[in-house]
Structure formats: C-alpha cells, structure tokens
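Scrolling down, you'll hit the structures one after another.
Each of the next two complexes has chain A plus one more chain, namely chain B in the first and chain C in the second.
The block that comes next holds the complex of A and B.
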C-alpha cells in the first residue's frame, strides 16, 4: 500500500481504500438503515415502549414455541448436513477425476435451482399422491399413503437438501488444502488408517466443517419459504411469526423485538464462527 | 496385501451404498418438476399421466406470467448492474490492499448474507417508502444489497491471485490510476467479476420474501407470482413455470462450466 501511495504522484490523490466507500455508503442507507429501523421499532412502537415489547414477547408462550421450533430445526438440519456433508466431501476427495466431477455436479446442481422451485418440488414428492408414497405402496410397505407433507420430517428433509451444498463445498475446500504427506508420516510412524484419519486428517479439515456448520445454522435460523410450504403448524419458525406480526397483527413493536432477538442471535453465531468462515470463504 | 486390497474394495462398496441415497436426495427435487409439468393430471400426482403441453400454453398465454417474467428480468439486470458497480471496486480493494479496518469492512459486507430476509424485508418495506423506492427501483436496490456480498467475495478472491508487480509496472510505465484499473486490474480479475455477476443475477431472480413486501400487485416478479399461486391453489402451470426456471438455470450452469473449461485449457 505504501508502495502504491509513493508512486502515485498525480495531482488527484484518492485514498487507497476509496473502492469500498460507495459500497459501504449504499449498504448503510439501503440495508443497515432498514434493519436498524425495524429493530428501533421495538422501542418506539407504541411510543416510549422501552423494553416493554421485549418483556411482552419473552413471556409470550407463542414466541417461545416458535423460537423453540426455529432452534430445533436449525440444530437437526445442521447435524445432518454436517454428517452427510463431511461424508460426501470425503467421497469427492477420494474419487477419481470422473467420479469427482459427477459428484461435484450433483452437489452444485441444487445451488443453481431456485429455492422456491425446490421447496415446491418437495411438496410434489412428499404429498399423499407423490412419488415417495407411490413407491412405498408399489413395493408394498404400506397400503395407504403416509401423510408426510406438513410435518417436521418434510421440513427437515427439504432444508437438508437445500443447505447441504453449504457444508459440502467448504469441507471439500479444506480437504483439497490438506497436505497428504502428513498421512504418510502418520502411517509410517505406525498409526492405523483409522487412527491416522481421526488424529491427522479430521483435525486438519475440521475448519471446513466448522465454517459449513456455522453457515447452515445461521441461514436456517432465518428460513421462511421452506417451513411454510413443507412444515406443519408445529414447525413454523420465528421468521413466520415476524411476518405475521406485520401483515396480520400490525404489531410493529413485537415484530421489531423479535427481529432484534433473531438478528442478535445470528450476529453472535457469525462472530463465533468468524475465524473458520474467514479462513475458508474469504481468503 | 490381498486382504488390504479387499478391505479397500468393501470400503469403497460401502461408500457407494451410502452415496447413492445422498445423490438421490440432492437430485430428486430437480428431477420431478419436468415430468409433472407435462402430466395431464390436474393434481400433480405420481406417476404423471399422459403428455400435454397445455400448462405451457396456459403459461405463455397468461398476461400475468408474461408481465412477471418481464419484471423479473428488469429487476435482475438492474440489481446485477448496481451490485457490480458497487461490488467490483470494493472486492478489488479488499483483495489487493491491506489496511487497519479491512477485516471489519469484510465483516460488514458479509453480514447482509446472514441477516434473516424477513427482517430485511419489513425494514426495507418501511424505509424504502421514505426514500421513494418501490417496484423496479425498490426491488433492484434491495436485491443489489443482498447480491453484492457475493460479487465482493468472488472479485476479491480473483484479485488476490493478481501479482501486484503487474499493477506497479503499469503505473511506472505511465498509466494513471484509472487506466491501470480499467486496462490491467479489471481484466486480470474478470473471472471473479463474471461469476459474481451470475451469482448476483441468480440471487435476484430467485428472491421471494423481500420481493413480496416491495412489489405492488401491478409489479410482480416470477417468484412473487409463483408464491401467490402455490399458497392459494396449486395447478400444473406452477410446475410449468418451475420447469422454465429450472431449464434457464441449468443453461446458465452449463454456460459457466463451459466458460471455465475453455479458459482452463
């Protein structure tokens, strides 16, 4: 930076970081101001509300139930995307060139398909007259369709499918950076394949897993479309409740307080996982 | 030796047995939509019955769907342009320069990706009215803000691969900062810029929650129109629309793959 500053002898001297200022200004006005305005509503609607919206929400069993749903789904989805994602990334890593590009395409394809289209597709797959029930009845496992749509199962499967690329890709990225001579060293020092996997390979690729899990957890806290289309009444997250406060209850104070709580949770999680996310995605 | 070989073979067979269901899980939603859109049955039950283009005919004959396609294209193009104008300089700066607040700046740029879209949507609904932003301008501004982090990240990672000596060389040969930027830095980072542009486009093209709040009934985008239809009454025109979206995004994915492949050769 000092080098480029020394060379620039022209009359017009722009600060070296000029490139980020228009973006930060635009984000401040068009994104952070709206987010701040809705959170500020929790203190200003009704006038001089203070913390009354927060105490009202936190003692409201409805909010408690929706918050529990949100966290429950986020934990279950993170667990399975982590487990399946690690296994799948490892399979890509161990495959030959052809297998690698096939598995990679399968992992990327969902990212290219619209979220709305995929959630809608799951409703077609899981409905009573859908393909899963048709298969189950054709094989003869069940005689009549099992109701799978509008259940926790449907939301979980849908969200796992939608969020799986977010664990596969960072884990695979961390595996490609792994120095394979370390494994040879572990083996030549007498470690069994299993031991060298868990003591050498897994710790070295953990950062990708952590980055992926953080991302999935944080993203699933804000999910809206998939739970509405696939979930039952007991699977609706806080995002749905916030929407309802604004569109049907017209209770901006409550919406603001809920938004503040969810946003704070998301930012705390992001801060906790920042090192891993920074290392995998941003370097 | 032979036992270890056999071991690895059973291990790879076991891996395959676990991989097949995962691959099915990943691909299933993409594979059912197309057959359903050609089915004669109104209720979209499996297996599809008969073969008909009726739903596509209904789709293209419907003024609503045609108008929302036009709105979606307008919003996606304008928001991608805004995201590029703001995101490319920022990505290059973050990739090429080191300063005290670099990591904080990066964090501020990434945050929009994780704030729940419902929170952003109702906030924007409120604030954009004061700013006079609605329909095309409002949607494009909002979508640019959630698409721009992706442009910054892809541009930044391309910029990090640039050898800074090249930029110094351009300057020492007499190019001013603007010339250096347009004729040296930007072409060197074009891979990241192009993928960022595609990500930003797709983000806008697909976005429902914010669009639902910022669009008026006369300015609906495809996802808003689809959402309204799915939540009211599902009929196979939705499957036809979903298929069109699917084919468009597959074509884009293929385009990017070919582009990358031809460049790597």
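The block that comes next holds the complex of A and C.
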C-alpha cells in the first residue's frame, strides 16, 4: 500500500456515529454564539437597558433612512436578479452540452472570486476614466464622463452581478426537474409554444424563482462592502450604520438592537420562503 | 363526436444516422380502434409522435380526415393525446387540467364548466374537479388524462402506453373502460403498446411493428392464429415451432417422415410449423416420431412446469431440439424433467418460412 493510500484510506476517516455534530458545533461556536452575544448587547448595554435600545433605534430617523436604503436596494436587486436569472437559467436549460457548461461556468465564475475584489473591479469599470465612460464617449453618446460611481446605479449593478448565481442555480435546478412531455401535452391540447411556456413551463419552474429571490433578498439585507465601495451617501445600508455604532460611537447597545432587527427580518423572510427553498435545495 | 380516418403514406424517419421508420404506410378507418404493437425501439412511438405532430417525418405524409398534416403544428391538429405518465399539469386542479384545451379554444367559462362536469362523469370522477393531480391515485390520474384528451372532441385520439404505469388488476379494468369509451364515443383511436394481451383484447386491428417496419396488420384473431412471420408469432404469445423442410408440396418432417401440404401457396425450403399452446395435446412418452392420419406424435421432455391458474404452462424440448411452450390441463400433474409426447395436428399448423433473419436477431438491416 502506498503512503497516500494509507492517508486517504484510513487515518482521516471519522467514525460514522459522530454524524453532523462537528458541523453543528462549529456553527454554534463560530456563528450562533457570537450572534447571540451581539444581540444580547442590546439588552445589557448600558446595564438594565431592557427595550430602551430598541425604542431609541426605532424612533431614530437615521435608522429609518438606512433601513429604507437597505430594503429599497434589496427589492431592486432581487427584482433584476430574478428577471435576468430566470432567462439566463432558461438559456442554460435550452443549450446543448457544450453551451451548458460554458454558460454555467460564466454564471459560477463570480462565486470563485472574492467579494471585495469583485466590488472593487466595478469601481474600476464605472469610474470616470473607466471602460464604460470611455466607450460612451468614443461612440459619441456623451461628451464628458457621467459620474456613475457612488450612485444607486453602481450599487445595484454591482450587487446584481454578484448575486446573480443565487437566482440562476435554483431556477436552473427547477428547470431540470421539469417533465418535458408536459409541453407536448400542452401543444396537443391547443396551446401555442408561447402559451405553453407561460401557462405550463413557467408555473412549474416558479418555485426555483421564489427560492432564488428569497436568497438574494436575504443576502442583500446584510450587504456591506459593495454599497460602501460603489454607493453614494443615500445608498448606505443598515450594516454600515451598525459598523459606525461599534467603531465610532462605541454604542454596542444600539448596534445589538439593529442587528437583532435585521436578523429577525431575515428569519421572517426565510420562514416565508421556506417551502420553496426546501423544495429546491433539500428534496 | 366526429371521427376521422388517418392515412399514413410511406413515412420515413431517422434520428441522425439511425433510421427508425423505413417507409411505413397504414390506413386507419374513421372510428376504428387500432393498436400499434411492438418491442421498444420498433418505431411505434415515433409513429405516434409523427401523427401528433411532435416530430416531422423525413419523407412521406400523414393525413387526417383527408386533410394533409404536413406543416401543421400540433396545436392546430385537433388530436387528443394520452401519455404514459399522465402528463397532468401539476399546478392546476383537475377541472383546470380538463378545461385547458377548452380555454385554448376560447370557450366561455360557463360552457367550459358544463363540458368539464359531463366529461368527469363520463370517466366516473364526478365531484373531483377541485382535487390537485397529486391527490389522486394513478388510475384516477389516468382517467383525468383521458378526460382532458377527449373533452374538446378531437378528430382522433392517440394513446401512448396509457396503462403502462398501472398495476395489473387496474390495467385490465381500464382496458375494458377504454374499450367501452371507444364504443360510446365512436372516436378513431390509435393505441401504442408493447403488451400483446392489451392489443389483442382491445383493438379492431393490430399493427405489429418490428425494426421500423410494419410486420403484419390484421384482426387480433388473425395476427394471433395466422402470424405472417416468426417474429409476429413470437411477439404475440407462446407457441411451439417445429423445424421442417418443404419441397414443392412435400413437407419433410423430423424422423424421416413425409407428408403432403394441404395449405395453398406453400413456401419453399426451411420452414417452421407453428402451434399455439392450446393446439397441442400432451400424451404418454414414446420412443420416436410417428405420423398417424396427419397427426404427428413427437417425444418431448419437460424443461419447466409453471402453474398458471387453469393451465399448466410447460416449457418443452422436442426430440428434434425445438423448444416451445405447451398448455396442459392443471389436473395433468406434470413435473419438470418428465418425459412426455406431444400430438400435433398438421392441418392446424401455421407454416412460416424460415427467413435467414428470423433466427439471427438484428440480421435484417
């Protein structure tokens, strides 16, 4: 037996009885405990704060503005990732084997690149001397650069590109489960190809779209780097406000309360979309 | 309900380099129930898809009610199709599934409702309109699929192994129901199946497919009792085929025996004499082949004996080396390994030429 076989064959194998406990332990230590500690701050900073942090936050117009920014961006980004993702997934679904792997690679490539790098790349593309402005001026559509950086447009475009795989994948998964004889049935019953698509194919694959939208919306709520790098002052999300509370105001109580509100919103969204997510990812 | 005739003229179809239909021609009369029977890959399902318009033939033409279908898309053919896996729309309830073709034809809601409830009672599913497909049993789903395929009064009804996914008991019930439905509606039905019992029990005519060609067309009794080839004989059920040789009108039998053929138009050369299981008698063991008043007695050995209800199904090997299936009375009490003899009436035999291809699968290409 060779040395590598000995290593891969025996030593690293864990007993089956351990099951998923190591994973749950890691999640507890790395995610649940820190999150709980931060949220606990909202009740304990300052001492015996009770719900005072929450009432303070909820009546503060600054929080309201940042919360509105967060939700607005999440809604717009979800809408466009859903729209583009559905038709991109359909293009993958309808392609031959070679086209499929090409389109799939293109869709997944962003996931293998760091979020920071991708967001920064967009600043390079969208800045006044960037390729977009250069192209617009070269073609003659504009005479001088349009300020695209630090705008809602830049944040939206950047986040759409970054989050697109999260709609493409579940939608494509729902399409591969589609029984194509249903389309033949629809045609034989008198439906044109267009009506077969909208009355049969789309409803049957809608569940993937819902699952993808949920994921994108939830992920958008917690975005930090992309809005900071690409957005203007009116596009800053709650995450930025939380950061400011902790790093400049040293107000852990307010930060904890905001975190608790965002976490609750995320959990509510997940609960609402649980059926769809469950259908796509767990069955 | 209107019934229309179907005319298939010299249909050729290939997928890539693989030819699946080699010039198939067939006339189906208006109101006729025709089964397309054959093993998988014989071209029967492709033929159905071409009639439905899901596939276009490479050459040849389909016409329905005298109207050529070339260039007509499926949604304009007015053909009902029932699929093997039911193909009900999972997100629509039973009523919406059945109403779908009516909706596509722009029928008013009120008229749709009337039609849906009358077709639901036709398939004995009254009151189940609000159910979702996944709340129904397999048999009920198949009834909904049939209801959906006939509710818009199609010119013809195509059924692609519609009972394939049902259990045996339910299948026999549904066979009778489909046959009753056919008699009641008078609609032209083309029914694809690989189950010979199904084809024989339901159809006005059976079309036997083999390797992209029609091997034989005829009334069920005709194709069963008078198969035109060993393939048809074999595919339609159990039989015993005895090797013989024909010279003019002389039939040379095993054991050096000779007899005259009484059938008109005897083939020349190597042949098989074929009997169905019920056409043979099981008798006491004998030593050699004998011929008496055109009844041939052949020594045989029982290879396996299986109890099949009213009969014992015996797989036997004759002293000539031929192997076949014989039905004996279940009171005969014959076991595997026993020696018996078979009495074969030469006038009841079907004489089939032994084409070179018949013994070597895939040789005819």
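The rule is simple: the second predicted complex is superposed on the first by the 260 of 283 C-alpha atoms of A that agree within 3 Å, B and C clash if a C-alpha of one lies under 4 Å from a C-alpha of the other, contacts with A are read in each partner's own complex, and residues count from 1 in each chain.
Keep this in mind: contacts are C-beta pairs under 8 Å (C-beta built on N, C-alpha and C of every residue); 3 or more make two chains touch, one makes a residue touch a chain.
None of the values given here were measured: they were computed from a predicted structure.
A.B. asks: Where does A:191 make contact in the superposed view: on chain B (first), on chain C (second), on both, or on neither?
C.D. replies: second
A.B. asks: Thinking of the overlay built on chain A, is A:279 touched by chain B (first), by chain C (second), by both, or by neither?
C.D. replies: Neither partner.
A.B. asks: With both complexes superposed on chain A, which partner does A:116 reach: first (chain B), second (chain C), both or neither?
C.D. replies: first
A.B. asks: Using the touch criterion from the header, give the chain among chain B and chain C with more contacted residues in chain A.
C.D. replies: B
A.B. asks: Pick one for A:65: touches chain B only (first), chain C only (second), both, or neither.
C.D. replies: After superposing on A, A:65 lies clear of both chain B and chain C.
A.B. asks: Taking the superposition as given, does A:246 touch the first partner, chain B, the second, chain C, both, or neither?
C.D. replies: So A:246 only meets chain B here.
A.B. asks: Under the contact rule defined above, give the chain A residues that sit at the interface with chain B and also at the interface with chain C.
C.D. replies: The overlap between the chain B and chain C interfaces on chain A is empty, containing no residue.
A.B. asks: Can you list the chain A residues touching chain B in their complex?
C.D. replies: 1, 3-4, 7-8, 10, 14, 16-20, 22-24, 26-27, 29-31, 33-38, 41, 84, 87-88, 91, 94, 103, 106-110, 112-118, 120-125, 127, 129-131, 133-134, 157, 160-161, 164, 215, 218-219, 221-222, 224-225, 228-229, 239, 242-243, 246, 255, 259, 262-263, 266-267, 270, 274, 277-278, 281-283
A.B. asks: Sort out for me which residues of chain A touch chain C in the complex.
C.D. replies: It is residues 179, 181-182, 184-192, 195, 199-200, 203-204 of chain A that touch chain C.
A.B. asks: Using the touch definition up top, name the residues of chain B that touch chain A in the complex.
C.D. replies: Within the complex, chain B touches chain A at residues 15, 18-19, 22-23, 25-30, 32-33, 36, 43-47, 82, 85-87, 89-90, 92-94, 97-99, 101, 103, 105-112, 114-120, 122-128, 131, 141-142, 144-146, 148, 152-153, 156-157, 160, 167-168, 171-172, 176-177, 202, 205-206, 208-209, 223, 226-227, 230-231, 234, 238-239, 242, 245-246, 249-250, 252-253.
A.B. asks: Which residues, counting only chain C, touch chain A once they are in their complex?
C.D. replies: Residues of chain C touching chain A: 52-54, 73-75, 77-81, 83, 85, 87, 89-91, 100-101, 104-105, 148-149, 152.
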